[in-house]
Amino acid sequence: MRAAVAGASGYAGGELLRLLLGHPHLEIGALTAGASAGSRLGDHQPHLPQLADRVLTPTTPETLAGHDVVFLALPHGQSHALAEQLGDTLVIDCGADFRLTDPAAWERFYGGAHPGTWPYGLPELPGARATLSGARRIAVPGCYPTAATLALMPAFAAGLAMPDVVVVAASGTSGAGRALKPNLLASEVMGSASAYGVGGVHRHTPEMEQNLSAVAGWPVTVSFTPLLVPMSRGILATCTAPAAPGVTAETLREAYETAVKDEPFLRLLPEGQWPATSMTLGANTAVLQVAFDPAAGRVVAVIAIDNLTKGTAGGAIQSANIALGLPEETGLPHIGVAP
Amino acid sequence: MRAAVAGASGYAGGELLRLLLGHPHLEIGALTAGASAGSRLGDHQPHLPQLADRVLTPTTPETLAGHDVVFLALPHGQSHALAEQLGDTLVIDCGADFRLTDPAAWERFYGGAHPGTWPYGLPELPGARATLSGARRIAVPGCYPTAATLALMPAFAAGLAMPDVVVVAASGTSGAGRALKPNLLASEVMGSASAYGVGGVHRHTPEMEQNLSAVAGWPVTVSFTPLLVPMSRGILATCTAPAAPGVTAETLREAYETAVKDEPFLRLLPEGQWPATSMTLGANTAVLQVAFDPAAGRVVAVIAIDNLTKGTAGGAIQSANIALGLPEETGLPHIGVAP
Amino acid sequence: MRAAVAGASGYAGGELLRLLLGHPHLEIGALTAGASAGSRLGDHQPHLPQLADRVLTPTTPETLAGHDVVFLALPHGQSHALAEQLGDTLVIDCGADFRLTDPAAWERFYGGAHPGTWPYGLPELPGARATLSGARRIAVPGCYPTAATLALMPAFAAGLAMPDVVVVAASGTSGAGRALKPNLLASEVMGSASAYGVGGVHRHTPEMEQNLSAVAGWPVTVSFTPLLVPMSRGILATCTAPAAPGVTAETLREAYETAVKDEPFLRLLPEGQWPATSMTLGANTAVLQVAFDPAAGRVVAVIAIDNLTKGTAGGAIQSANIALGLPEETGLPHIGVAP
Amino acid sequence: MRAAVAGASGYAGGELLRLLLGHPHLEIGALTAGASAGSRLGDHQPHLPQLADRVLTPTTPETLAGHDVVFLALPHGQSHALAEQLGDTLVIDCGADFRLTDPAAWERFYGGAHPGTWPYGLPELPGARATLSGARRIAVPGCYPTAATLALMPAFAAGLAMPDVVVVAASGTSGAGRALKPNLLASEVMGSASAYGVGGVHRHTPEMEQNLSAVAGWPVTVSFTPLLVPMSRGILATCTAPAAPGVTAETLREAYETAVKDEPFLRLLPEGQWPATSMTLGANTAVLQVAFDPAAGRVVAVIAIDNLTKGTAGGAIQSANIALGLPEETGLPHIGVAP
């Protein structure tokens, strides 16, 4: 089967290619780009020697036609028009366009008309695998919502957490893409931690609420604060919710053990060990730990993912595997690169 | 006036010396250490050329006697015995021994008998300056409690926040001191964010609760999660509390503007700009911003401090200035080193 | 075939395990350690979930017996006694004990009696593959000598460079191992570049001279300066030698193109692109570029390797593959993890 | 006296302002910028609270008129026209336009007509202070030439080194300014060391040769390789030259001790300690060490400076002090910020 990658010069595109080069059933087809069309891939992704001499073609329906799966790693808003012309090819959109189910949330956070809703590519959500199996369109979750949802899903699914969720997530800079903005310059980032999008205005907020509300069965609000910290990759999310009455450390741990038991990419650490993003750098795993704070009356779950792998490209391929009928873990690393 | 620094080979000791070298009224006297006694200061603090050839003496009541002020930057538990033999010299303890007022909290978080309570060296707290003026013993706050207290104090003082506080604070590694532990090795820290002391077990939790409860007038619980991120200095704390009924963005901002108005070291950023630790690296300022999240119903305050300056050594000198009757800002930088 | 790893709790040991987990023909057998024996591997290598619950056994001839290959990732000086009791098992020593051929150089740089010389595991050296094929003992090169040798070998082999080599190599901290030394603490390393072992005293100097002299056919001296820079992995070596008379940019490039042509792990960048360690993080490749500086009359070669992969564990497995009659590239990644 | 800063929104401009805020005799006047004119300084230099509300004016002769000293921190090529209209105001140019004495070198490395030569602002060079005293135009040295010249000047001045210099210098990213280029993005820089401008093409090469030739008394060639390493500030330069016949470790050390004896900003470390950029972060000092490598027959000097302080803005103010008849050290810190 052949896979095209649109947006191959960016960070998400590069990670898709890194993983596809190790995928036994997906051959790399078209590599397309916007402004970088015409240049060598090696100018943008020098860590991928096998593809260095491939020349990027423009992102058009024509260049993307004729593949079994098309991965879109494009700026928000470009997927809709492209996907309409890709027929029943499997299209995996790493952008935000088709994640939200609520048009009002879309308008409030993104503006403009709601482009629609595609099957949501977080296989670990209840019922998701059935929906993704055989799907022709998949919306890959945002990196922060992937982290926050996986961190608190076990607690909400087991009825151990209540609304009023607080999520504070520290991210590496690659989550912002290869954007030429002053605040992403190395000189500004190294040696400094900063906050942005504070106060409920980050676009990933409604996506977290959508996921956790679905799991909980009633509306969950999320106070979400993203942080930029001096590392290239990784998200470490601290996710906390009031504990339901009667929760104990034991019931909480049991709920998490049950939740991860059959999940190939969820990993609950032994008690006493806490997640670090280096545990999963370059891997598709989400590393979890949870505590019950009886004094504060809160469940505190901490999760580490690689924002480019499980948080974007790895998650995309995981869902593509399901849609294509391949074993879900195909081509996806469980091992991080450390130290 | 002459100042002694006990624990001069550590990070807090080095920062005390860096600041004291620029202090017009405090001359540097004895420099003492534990295991490093007998070695040159230049082996430990090579950024302080003026003191490079000074030899460290052992930390004893004798070496510390005869100074106008003694700064203790020692491992927890060593201040008590020393201070008892320092008569009515001004003693500023950067350790935890005398911060907590509640013996039960001391026993739960530190163990052993409660050493007592000294005047608490956070001048920005209501009434603190009167207590510190002329004091002979001062307990310097912990770095995280400094951040969390200053971040939420304006909201609680104005009655705009309610209990159930959540604090997630990202810290650079110098906060852990020059301790030879594997998790503090550069190879483990660089490129990685991690959590530790999760679930209400970090020793700074009761100190935050003590401060915020005093400001609020009723008991405030804090769910506190510290993070280690790849930078040497700085704390970026995200501090959130449920908003009191009727809070608006305007009332909240007004409360913060009022709170910082006459404070020399509190700095509220203009609306739309968010704190980064690089704004205050090496400076004694606390950089603040606040938002009201109406959907989540929470106040979200973000604060950046330099953990070694305002969070430890700068805060210590600020309180010493007050106790000694000097202008509070003497010798304390307002300007950070950036980028 | 089964492989044992002695020193499994260290960085080199961890990298051996990361690679062996992806090796189709080598099964992981005994995992041994010194002071860490008895603990879970997951406490030391949390990025390797498959092995997390394996318990480390003591490093003894008994625990290492019965394997097809034993990888030693031990402190210098421990390999000799162990290897003597491992019969004709293939032993791959990542330490320095058996690298040098000259007893006088050994005594000057390491002290004590020369332990001997094993076949040197740098397959790219002329004639090395024939020696390594079927070998029972292999000394893995040091990380810096791997870099410097591969960088200048093409120039010396083609007669385009003359003695008086200068090598300045910037290394990440993992090259120093998981050693609890103050200068390896994150607080000291982040934001700082430093030099060490300056003036011809670093132990890798005679190894570089040995390799380059063998390639050149006459004695080559090396002025070597290692730098510590704020990153976990990677070596970037700038290696320069006087150009032989008549050298041009074209003859130089041709020599390098010829040298890398059939080498699976040497990669010469296109003209105008210069190596960065991020191009090869986690990969077994060495990324090269070369320039002729006519004004200074020098050849300047720059090389990037991952010190733990091509510089240690990957190089070890590459040589093991040759010794065991497996295809040389088996289990060794060509793709880096970036950004 | 009043000082204007042209280019106040950049990194060099910010560092000038940071230092001027602590300068007792220079008051800050006009703050000018190019594309950023009209914006608040606080948007660009948030670490300088005192100036946050100052609005940037356009860089024109009019806005810069009427000051006692004008510091130009502009892109190359803009100083010439401006300076012509600033009469006999003291103009300190942090750019390259007036550094080179040789028009041929200018044309080869910068292109276009040679703008001329101003007194060269490296006070430590023989005879420089006399030239700078009372000067009305000063060209601030490049950051790399500052490092390389100070490192090898003592050896060449004492006749202990011979030509064929090799300089490899690792720099933090702030040396490249606040330029929006992909290779300066945090995601690309963190975790990676890279080389650029290799093979004698970096524009700082002729400046190093000019300085060292002047000191040596005969032509010195320099093979210069700059490296980009993951830190914001700092240059660590390894500078090596063949030793003259008869050199010993003792004669070499004596030459360096003599050279630094009366220099307020040169600091020779005790034997056995090697420079790290963290020793001088934010300070105007250059930290030096030297070794004689008898086997390689080379002198190896290592130097650490802060590229923005001694390497640019601090050096500029040091020269301005001399030109204005102020004590040379006025307003210039000797103490670094560490860790």
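In order of appearance the chains are A, B, C and D, and numbering begins at 1 in each one.
Just so it is clear, a contact is a pair of C-beta atoms (placed from the backbone, for glycine too) under 8 Å apart; a residue touches a chain by one contact, two chains touch by 3 or more.
Just so it is clear, the model here is predicted, and its values are computed rather than measured.
Participant: Farthest from chain B by Cα centre, which chain is it? Let me know.
Facilitator: C
Participant: Report, in whole Å, the distance between the mean C-alpha point of chain A and the mean C-alpha point of chain B.
Facilitator: 37
Participant: Go ahead and note the Å separation of the Cα centroids belonging to chain A and chain D.
Facilitator: 44
Participant: Do you know which chain C residues sit against two or more other chains?
Facilitator: In chain C, 11, 172, 174, 187-188, 190-191, 230-233, 276, 278, 281, 338-339 touch at least two other chains.
Participant: Can you tell me, using the touch rule above, whether these chains form a line, ring, star, complete graph or other shape?
Facilitator: If you draw each chain as a dot and join those that touch, every dot ends up joined to every other.
Participant: Spell out the part of chain A that touches chain B in their complex, as residue ranges.
Facilitator: On the chain A side, the touching residues are 164, 166, 168, 170, 172, 187-188, 190-196, 198-200, 205, 221-223, 225, 227, 229-234, 236, 238, 240, 242, 274-278, 281, 289, 291-298, 300, 302, 304, 338-339.
Participant: Can you name the residues of chain B that touch chain D in the complex?
Facilitator: Residues of chain B touching chain D: 11, 14, 18, 21-22, 40, 42-43, 45-50, 52, 174, 190-191, 232-233, 267, 269-270, 273, 276, 278-283, 285, 287, 334-339.
Participant: What does chain C use to touch chain B in their complex?
Facilitator: It is residues 11, 172-174, 176, 178, 180-182, 184-191, 230-232 of chain C that touch chain B.
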